[in-house]
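To keep things clear, I will list the structure first and then write my remarks on it.
Labels run A, B, C and D following the written order; every chain starts at residue 1.
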Amino acid sequence: MKLDSMYQEVILDHYKHPHGRGLRDGDAEVHHVNPTCGDEITLRVKYDGETIADVSYEGQGCSISQASASVLNELLVGKELSQAQKIQDAFLELMQSKGQLEPDDAMEEVLEDAVAFAGVSKYPARVKCALLSWMAWKDATAKALSEGKTA
Amino acid sequence: MKLDSMYQEVILDHYKHPHGRGLRDGDAEVHHVNPTCGDEITLRVKYDGETIADVSYEGQGCSISQASASVLNELLVGKELSQAQKIQDAFLELMQSKGQLEPDDAMEEVLEDAVAFAGVSKYPARVKCALLSWMAWKDATAKALSEGKTA
Amino acid sequence: MTDARQGLSGLLDTEAIRKDFPLLDRTVHDGKKVVYLDSAATSQKPRQVLDALNTYYERHNANVHRGVYTIAEEATALYEGARDKVAAFINAPSRDEVIFTKNASESLNLVANMLGWADEPYRVDRDTEIVTTEMEHHSNIVPWQLLAQRTGAKLKWFGITDDGRLDLSNIDEIITEKTKIVSFTLVSNILGTVNPVEQIIRRAQQVGALVCIDASQAAPHMVLDVQALQADFVAFTGHKMVGPTGIGVLWGRQELLEDLPPFLGGGEMIETVSMHSSTYAPAPHKFEAGTPPIAQAVGLGAAVDYLTSIGMERIHSHEKAITEYALKRLLEVPDLRIIGPTTAEDRGAAISFTLGDIHPHDVGQVLDEQGIAVRVGHHCARPVCLRYGIPATTRASFYLYSTPAEVDALVDGLEHVRNFFG
Amino acid sequence: MTDARQGLSGLLDTEAIRKDFPLLDRTVHDGKKVVYLDSAATSQKPRQVLDALNTYYERHNANVHRGVYTIAEEATALYEGARDKVAAFINAPSRDEVIFTKNASESLNLVANMLGWADEPYRVDRDTEIVTTEMEHHSNIVPWQLLAQRTGAKLKWFGITDDGRLDLSNIDEIITEKTKIVSFTLVSNILGTVNPVEQIIRRAQQVGALVCIDASQAAPHMVLDVQALQADFVAFTGHKMVGPTGIGVLWGRQELLEDLPPFLGGGEMIETVSMHSSTYAPAPHKFEAGTPPIAQAVGLGAAVDYLTSIGMERIHSHEKAITEYALKRLLEVPDLRIIGPTTAEDRGAAISFTLGDIHPHDVGQVLDEQGIAVRVGHHCARPVCLRYGIPATTRASFYLYSTPAEVDALVDGLEHVRNFFG
């Protein structure tokens, strides 16, 4: 069934058991909404020098946006900023691929669980759900940087 | 040719040799325009008690609007107001008939030369041209009455 | 299932009607017939309307109002003929009270802007108040927020009760001597509620406020009689009533349309223009700047003919029967909570619900896989979601072509959704 | 006649093209083939565009942006795909700079209203000036008159020379440090004049004024490259470029669209709404309130495809050849006076003229009897008529489907007019 390509086990798992959910102390906070569906997220980043010490978040949304935030937390926390940006770029590329991109080994290595979102990229209306937390993270990071809270 | 039903000899005659054209002394003056084509008329009425002493006018417009003003002048000047209103009503009825009304003898007696406009009523865009001076006359008369210039 | 369906009376001959709607034959996802339950967002179009559009473009297309040649006369007659049809459809006292806009949103913005630029006694300014409700579509909220911001007027609103009705308990405090305009929806697009027009109008008239009714969800579904409503303005939109996209209507009382200032300026709406100043044509043209949606008006005329040929009362009965049936069946679904009235009393044919903790996005996605098209989200009525503390709803909405079998398909589909996320 | 036609080069294969346009087969007045010379008012539509409309309605009709079901995704992809096509057609740096409106008039009103409600540095108020020209369509005059009235700003304009060109001799007095916006037409719909964009833009840039170009008569007929133009806003309309009625475009520079406030409020244009306040979506959605003209955008996309498949440069050459030929032949008609440039240099394919003392209404009527469709009146550009002291003009205008034989028919028809009123 085509639906299974969107709702991969990994995604449903993250949705049911989200990683790092809840708001904790951070250097910067942003609030993003997806106006087409009303999904919302409040997200905080905490940096320890160049290292992402924490990404905490709270929000409401569908399985895809919730799972995506959970995967983001799992993938990015503990990484260097430069590496995190690579991951974000790869995720963006995957999500904008309209289902045309078959993740190769290199991509799988970078994205880990996040490759499960490949199937979502076939559904334009859901791509925004998957990207919500990633856009929020990017924005929060820019804010933290500009406020000089990190190196 | 269908065109001849609009451009009756009588109409073309009035167009080429208009009656009572030019602005003369009056009790009230109005300026009307037909926004769809830019035709304009300035018209004055002069009453002598209940009698229409003069209808003078100036303006620019097509053969139909010019001829119609000339016919109006010819028909109404010298008439009692009540009779003039009957003529106006008959003319209005004829022009709104969409070419469906065949003027009978009674109508011809009231409208005289103005029955020639029967053919114009088939052309919605031109009906407004034919009515321009008549609407102006009606308006000017109302103005004259309300200003108490006539009985 | 069959038992429940047997009790249904007042249904239309949907088998015949559905043949008029080409899209209802569509299949998706490898041959699944579309079950279209999103008519509150936009309706499907019968071939009668598409034929009218094609005939217009293929035989009568010309710009209107300014041509003396045959085709331009035909185009004008068709366009103005559509105005006559719409006027008759809503029982307008005069055809000149029917203004064509691009959609209901423009119609509502038009009212707000006319009042913002009006002279006394209509003018909305810092000493005055605007009243709306919490169950409005954003298109009947944001124009008033903008007007309030730009004039300094105060925006007030009626709240909603737990069972999805307007809370009019404090009507005399909400609508006061300061109120210039009360604008509310006749039928809620998210809750389905049909609102008590009379009570609101009576109070508005007491204080001399104007009343604007958003009939976007009413015009397609019931007899709309602007004289019976007694409002000052009524707005609705073509695409929800089997007409084309790109056309809306504002009906307004003649004296008001004469007194109020224009909104958009340009070709068609003028009487005479010089570089120094301009004067405006009488309504409705005063409010129709530029080349109007000619083909779309013609299409809306055909839509109105189509609806009338079936009969608005019969359409209403059909929808009422379907809605009753759908409410009954949906309430049987475990964990399903209806947001809005749970009976068909004073209720339109849009039903919003939540399904346990499953996010509407996920509900809609799994339904789509079965060919079932419902809308998910806040339905441009986010304050309602805030009011009920929910992020979004799933909404099924019905129309003259909807069948009890489609309700059954929805209920089966929801079972599948529950299993999928179970 | 044949001699003159033999010299013509650059013509399109109109025999093939005309087969695409069903209306051009129409007859009027007992079998007279229509000679359609009114494309400046609205163009005819090729079946490719009508097919796109029908396919949309029959297979993909749904409301856009908010659906997760298949048909809604398709409708959204088609609608947004049309935006991509239009963006490519005008060489926009970004698709997000293309706003769909209902017509060019709305586009121009949108600019005027954005500036009226804007914060500094864009805000138009009593200390500032607005510049337009005497040769504008009313749709590019009245919105600025309304803005001037409502803000207290001063409206100034460029005059016209005897030979139908903009009089820029006093450009430095007209466009000054106080000027906030200069809005002018690229091609006049009544005179046919193509205006010197560069010179005006250079001066506007010097004083820091924004520039809005009305490209309604340019987009259908020539390559339109918004980057090359260097303007800030460019407006045009679908129905004149073989697209449907009910759709217009405003292109605007991204930074401006980000900074400027919205105009119409409602569904689709918001980010988040509460009863207390709302935030807006990024452009272009910020400026598209309510259900957009979805089918019409799709139709405009097909129109742009159609024009591109023929090639805008080739269309331009064709029209230039026809215009040259028409000017030459019309100047042979006794008592005919062309209002506007008498050569094809910097000139579009609309030719206005007077014929002795015969009123244009009468000219048009007699031509219609022969099947020839021309426009008569002030063409929504009354200040031009005032300028030349004439009540109205007769206007013949050409497009990609116009032929030299149609020019000949017009000239013969005018002979007939002269005899009729002789």
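Here is the rule we use: a residue touches a chain if its C-beta (ideal position, glycine included) is under 8 Å from a C-beta of that chain, and two chains touch if they have at least 3 such contacts.
According to UniProt, the chain labels map to these proteins: A, B = SUF system NifU family Fe-S cluster assembly protein; C, D = cysteine desulfurase.
Just so it is clear, the structure is predicted and the values come from calculations on it, not from any experiment.
So which has more C-beta pairs touching, B-C or A-C?
Higher C-beta contact count between the two pairs: A-C.
Report, in whole Å, the distance between the mean C-alpha point of chain C and the mean C-alpha point of chain D.
For chain C versus chain D, the centre distance works out to 31 Å.
Quick check: how many Å separate the C-alpha centres of chain A and chain B?
The answer is 77 Å.
In whole angstrom, what separates the CA-based centres of chain A and chain C?
Distance between chain centres: 38 Å.
Centroid from C-alpha atoms only, then distance chain B to chain C, rounded to Å. What do you get?
Inter-chain centre distance comes to 45 Å.
Would you give the residues of chain D that are in contact with at least 2 other chains, written as numbers and ranges?
Answer for chain D, listing residues that touch two or more other chains: 29, 66-68, 72, 270, 272, 361, 365, 376-377, 382.
Can you list the chain B residues in contact with two or more other chains?
Counting only residues that touch two or more other chains, chain B contributes 36-37, 123, 126.
With touch defined as at the top, which chains are paired up in contact here?
Contacting pairs: A-C, A-D, B-C, B-D, C-D.
Taking the complex as given, what residues does chain C use to touch chain A?
Going through chain C, the ones touching chain A are 29, 359-362, 365-366, 369, 376-378, 382, 385, 391-392, 420-421.
What does chain C use to touch chain B in their complex?
Residue list for chain C touching chain B: 65-68, 72-73, 76-77, 270-272, 281.
Residues of chain C touching chain D in their complex?
22-23, 26, 28-29, 34, 36, 38, 41-42, 44-45, 50, 53-54, 57-63, 66-72, 102-106, 108-109, 112, 117, 134, 137-143, 145-146, 150, 155, 157, 237, 239, 244-248, 262, 264-270, 272-275, 277-278, 289-296, 361, 364-365, 367-368, 372-377, 379-380, 382-383, 386
Which positions of chain A touch chain D when the two form their complex?
Going by the criterion above, the answer is residues 33, 35-37, 123-126.
Once bound in the complex, which stretches of chain A touch chain C?
Interface residues on chain A, with respect to chain C: 1-3, 6-7, 12, 36-40, 60-64, 66, 123, 126, 129.
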